[in-house]
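Some structures are shown below for you to check.
One chain, subunit A, links the two complexes that follow: it is found with subunit B in the first and with subunit C in the second.
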Partner chain A sequence: MSELLRRYGHTLTWTFVALTAFWLLVLVILPQLYLLEESFRLYLPLADIGGPRDVYTLANYRSAFEQPMEWKFWLPFASKPVILPIEAPIRVQVFVHTLLYSTVTTVITLVLCYPVAYYLAKVANPKNVPLLFVGLLVPMWVSEILRAFAWFIILAFKGPLNMALVNIGVIDSPIRWMTGFNSVTFGLVYVYLLFMLLPIYSAIQSLDTNQIEAAKDLGAPGWRTHWRVIIPHSKPGIASGCVMVFMLAAGSILVPTLLASTQSRWFTEIIQQAMFESQDWNTGSAYAFMLLVTCTVFVILAMRVFRVKLSDIAR
Partner chain B sequence: MSAGVDLQNVSCDFGKFRAVDKANVSIKPGEFFSFLGPSGCGKTTILRMVSGFIDPSEGQIRIGGQDMNGIRPNKRPTALIFQNLALFPLMPVWENISFGLEVRGASKDVRRAKAEELLKLVDLHDSADKAISQLSGGQKQRVAIARALAVEPSVMLLDEPLSALDLKLRQHMRAELRAIQKRTKVTFIYITHDQGEALAMSDRVAVMSQGKIQQISTPQEIYNAPVNGFVASFVGENNIFKGKVTSIDSGRCSFETDVGAFTAALGPAVDASTIARLYVRPEYSRLQAAPAGGANSIPVTVTDISFEGNFIHVHAADRTGRHLTVETRNDGSVTLPAIGSAQYLCFDAATARVLADQGMKDPGIDE
Partner chain C sequence: MRSRSNWLFHLYIFIFLLYMLLPLVVMGGAALNDSRFPSVYPWVGFTSQWFVELFQDARMWQAFVNTILVAIAVVIISVPIGAAAAILINSIAGTTRTVLYGLMVAPILTPGAVIGISTLLFWNEFGVPAGLHLSALGQASYISAFVMLLVLARLQSFDRGLEEAALDLGANYNQVVRRILLPHLYPALGAGAAIAFFQSIENFNTTLFTRGTYDTLTVYVFSKVRSGITPTINALALILIVVTLVIMLYFEWARRRKEKALVARADTKEQITKAEAIGRNQPQVTFPPTQ
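Let's look at the complex of A and B:
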């Protein structure tokens, strides 16, 4: 703080502080608090607001657990759902799928990004790295909607991907790509790839190359060098990439809407339905908070399992 | 167990820049061999070629007689100690040391036992479970040595391993390293820019400059009979006179300078046509009140005296202002000349060498 004061003087420093405080308080905390309060109230006609029926209740939260029905469970990359022998509320089903496929998305992004990040950080000629980064970043300048929609076109049953594959003879007949959660997962992976790549890249980059060479010199093959030296060092980067991609995927609305198959519903769509189709902000906010809290708990549990500390991520 | 290392015409180019130029060395099994040279002369590059991290642009490297071309670093019988040690900070000391055994599939008990044994060897007891960050510089040094020894290499490669330590510890570790080498009988290839280190520890030394090996010899030979101006001035101090060879007679020559003619031993590759310099060590120079018959002598004025305890350095200037030094052992009876007094600086022809400028980056160094 005194460092800031010394560097920028009083006027500028207090302006920074005031703007940050304004952003946090007015644009982040207050709206959230408003929604939190709303989530405990009923959706009432205007005349009843403030009247005897306007009480604090958990009814909105309870409504998530209504309407039990046959549980059609989609396993990753399956073309047909498994019918589970139990019934579950429809929103819970959607919720479980959302968590599962956010996790699948995170894992796929991680598997794709780690080798690329390693290549960029330690293998590629440093002279070419800026160019490679431009190549990676330019597609991200296009808006998320357009990128997701592009995949909608590419993956369509009569779309260019199937045409190309049939024409070069890789497959005999077109494949229905957009079944189950395939297309949604695919779209999410594509859209959030960079959020995984960048933290892992900077983590690997900060590793002293001599350590990699020392491991090799002691006889370690590549995989052991990764397992014992590079991955432990880049764990904070991997963790923050995973947390970001998971949270973004679970909270994404565009991709699940645009790239949905007839069977894949995302929990955010349920929130959106409540808020904008039913105009029921109270229930919508209740669901939104359920998503937020559960995802946070899920992430904390995952961090426990993989022995990642919060301070690692903040580093 | 230990193996010899042969470099045959080994060069290394980085783009247009030639970092190592046609190195030819034959290092014997069990030898303590040093590469000595100033910063940037290509020492690390040579070591990295031997360990396999850089492929030579030309030439051949053999370890234990076997051509190393195409053999990856993890398959070579070498262990490298890095300039910055490169210990694994996220593993405790014993896992660092036993990493090489872990790679070879040894069980945990075996690894632990080996780590303890090596920790004893490098005189670091009770540190097996410490974190690397808890160690002092000298202790890290020992762990790095133990880690390299754990894989039982035939050749140990050490890249200025003592440069980060303070003087006291450095001297202690010198002796220690030498002792470890004698005990394990592994071939040590040691890199340093510290001449004292190279001379004190090595069986043989290669002096390098600008990617070229200038001389390979025993420490005594390097110091007493340098082959060119670079080696003479990089290793030890000298009084230097620039001039011209006028006549040559069976290893001796007459050498003409701006302060008079001298007789001196003739170094290799010098004849009447080469620009050359005469080098004489301060400890072979002496000051006298009158010119000495039979020896070289020139009139000088004493400018300064520095008393170093066991040695006394007398600084003087000849009539061109050239800075000259005389080193005398302090045997308790020397009488020092007064500052400003006129004296004669004398040296015997056998102790002075006329050497070519070859190998020098800047031939104009303190003449």
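Let's look at the complex of A and C:
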């Protein structure tokens, strides 16, 4: 601090401090605290606010655990749900599905992207890499909603994918893609893929190629070079990609709405329902806070599992 | 064995590229198909009808204007904040730095819906109704973090001795910032402004909860897609794809030209050194100076 004062004087230093304080307090911390506070209060008519009924309560959170019903559990890529022998509240079911399919999305994007990131960083001719990136990044700059919309067209029952597969002779009759969580998973993977690719790419790129050569010269087979040299080095990138994809998928509104089947409900839809349909902002903030806690827990888990610091994840 | 696995690897990359790009081709193609439902199959015939319909949609134009206004506001808010925060955090160390850094990057890792709802509730407490101004504030809360990270990275290569020198030579504080610090940060500030602009245009989740009754482009597309789909959305998508491609190819082309110029200059230097070296040994041989 004294360092700043010496270099830039009082006026400028306090301007920097004021701007940062405005950001962190007014735009970040206080709104979240309000969210938390409101989530413990009831949705009341204006006349009752500040009255005897205006108390702190867990009622909004409890409402997430009401309405138990038959648990129809969708396994990844199943065409029919498994009926579990226990009853569960509807919002809990949605929450579990959201967690499961955000994780599935994260794993699929990781598996798809790692080889590509490795290829771009270490295998491809460096001259071609920028052009490859143009190809890869075009979908990134075309907005999220349009990427999801593209899959809406592709996966339609009489859409191009089914027609192509039938014409090639892979399948006899069109497949209904929009069942269970299939179409949502397809969409989430495509829409958030590049958030996995880019951090892993930059992590692998920072690895000295000599280390890979050394492993090979010492007789390590390809998979072991990856397992012992490249993957440990790219851990921060992998952690960063996983956190981003999970958070974006779990918090996605566009993809689960656009590509929903009749059975796939997403937790953000429950939040929206409370906010817009019931106009109950208090319950909405309780659910939003649950989503926030979930994502925070995932970040902490990723930091523990990969043994990286927060500054490695957000770069 | 090695060449075979390499061949498989190339095939995988090729399929991956197709996977990334074919959906865009399908979406763009549907914009030109004369079918009421957006699809490329069956191909009914070529039409430009969907572009005409798109351009005649007043709501789309209003949403477009709103989107640009919000994006400009976000740039104006988040670039100074991000730069100030980066300068501040760059000059402190220890636990304070860790805590501040954690607070600064937290909004990046927060779902947009949560940011939107908390912004809405907070300002509502002070009687500020929902609207585009709240969208701008909500978006700025996490976009500032991107700018901060960019500026912070740029600050790592900053030679603080320059500031010392300027102060020793009698520069005042404003001059130090304006003539020494800012010029070094310009590339990061420019990149930050561009990222802020495009992130803002892209944003949906935060905007949805804070927008009130106003439309932005993403919200417009969303409501269009939900209420009866027509290929006008594809027309909009095709325009965006083409614009993006042109901009990206232009930058790639500019980069290659710059690279070539650099290589050419390096070559010239090399030739001159060679000529000098030869010239020293054999004074009678003279090389015409290149350029």
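Note that in this section the second predicted complex is superposed on the first by the 276 of 315 C-alpha atoms of A that agree within 3 Å, B and C clash if a C-alpha of one lies under 4 Å from a C-alpha of the other, contacts with A are read in each partner's own complex, and residues count from 1 in each chain.
Definition applied: contacts are C-beta pairs under 8 Å (C-beta built on N, C-alpha and C of every residue); 3 or more make two chains touch, one makes a residue touch a chain.
Please read these numbers as outputs of a predicted model, since none were measured by experiment.
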Comparing subunit C with subunit B, which touches more residues belonging to subunit A?
-> C
Tell me which partner A:277 touches in the superposition: subunit B (first), subunit C (second), both or neither.
-> neither
Using the superposition on chain A described above, determine whether A:232 touches subunit B (first), subunit C (second), both, or neither.
-> first
Between subunit B (first) and subunit C (second), which does A:31 come into contact with in this model arrangement: first, second, both, or neither?
-> second
Once the structures are superposed on A, label A:87 by its partner contacts, choosing first (subunit B), second (subunit C), both or neither.
-> neither
Counting only touches as set out at the top, which of subunit B and subunit C does A:135 meet: first, second, both, neither?
-> second
Identify the partner contact of A:149: answer first if only subunit B is touched, second if only subunit C is, both if each is, neither if none is.
-> second
Touching A:66, do we find subunit B (first), subunit C (second), both, or neither?
-> neither
If you stack the two complexes on chain A, which partner ends up touching A:215: first (subunit B), second (subunit C), both, or neither?
-> first
Could you tell me which stretches of subunit A are touched by subunit B in one complex and by subunit C in the other?
-> none
Residues on subunit A engaged by subunit B in the complex (per definition of touch) = 208, 210-211, 213-221, 224, 228-229, 232-233
What part of subunit C is in contact with subunit A in the complex they form?
-> 5-6, 9, 12-13, 16-17, 19-21, 23-24, 26-27, 30, 38-41, 80-81, 84-85, 87-88, 91-92, 100-115, 117-122, 124-125, 137-138, 140-141, 144-145, 149, 153, 160, 163, 167, 172-174, 176-177, 198, 201-202, 204-205, 208-209, 217-218, 221-222, 225-226, 229, 233-234, 236-237, 240-241, 244-245, 248-249, 252, 255-256
Flag every residue of subunit A that touches subunit C in the complex, lowest number first.
-> 1, 3-4, 7-9, 11-12, 15-17, 19-20, 22-24, 27-32, 34-35, 38, 112, 115-116, 119, 123-124, 130-132, 134-139, 141-147, 149-154, 156, 158-160, 163, 190, 193, 222, 243-244, 247-248, 250-254, 257-258, 268, 271-272, 275, 281, 284-285, 288-289, 291-292, 295-296, 299, 310-311, 313-315
Partner subunit A, residues of subunit B touching it in the complex = 51, 53, 72-75, 78-80, 82-84, 86-88, 90-91, 99-100, 102-104, 147-148, 150-151
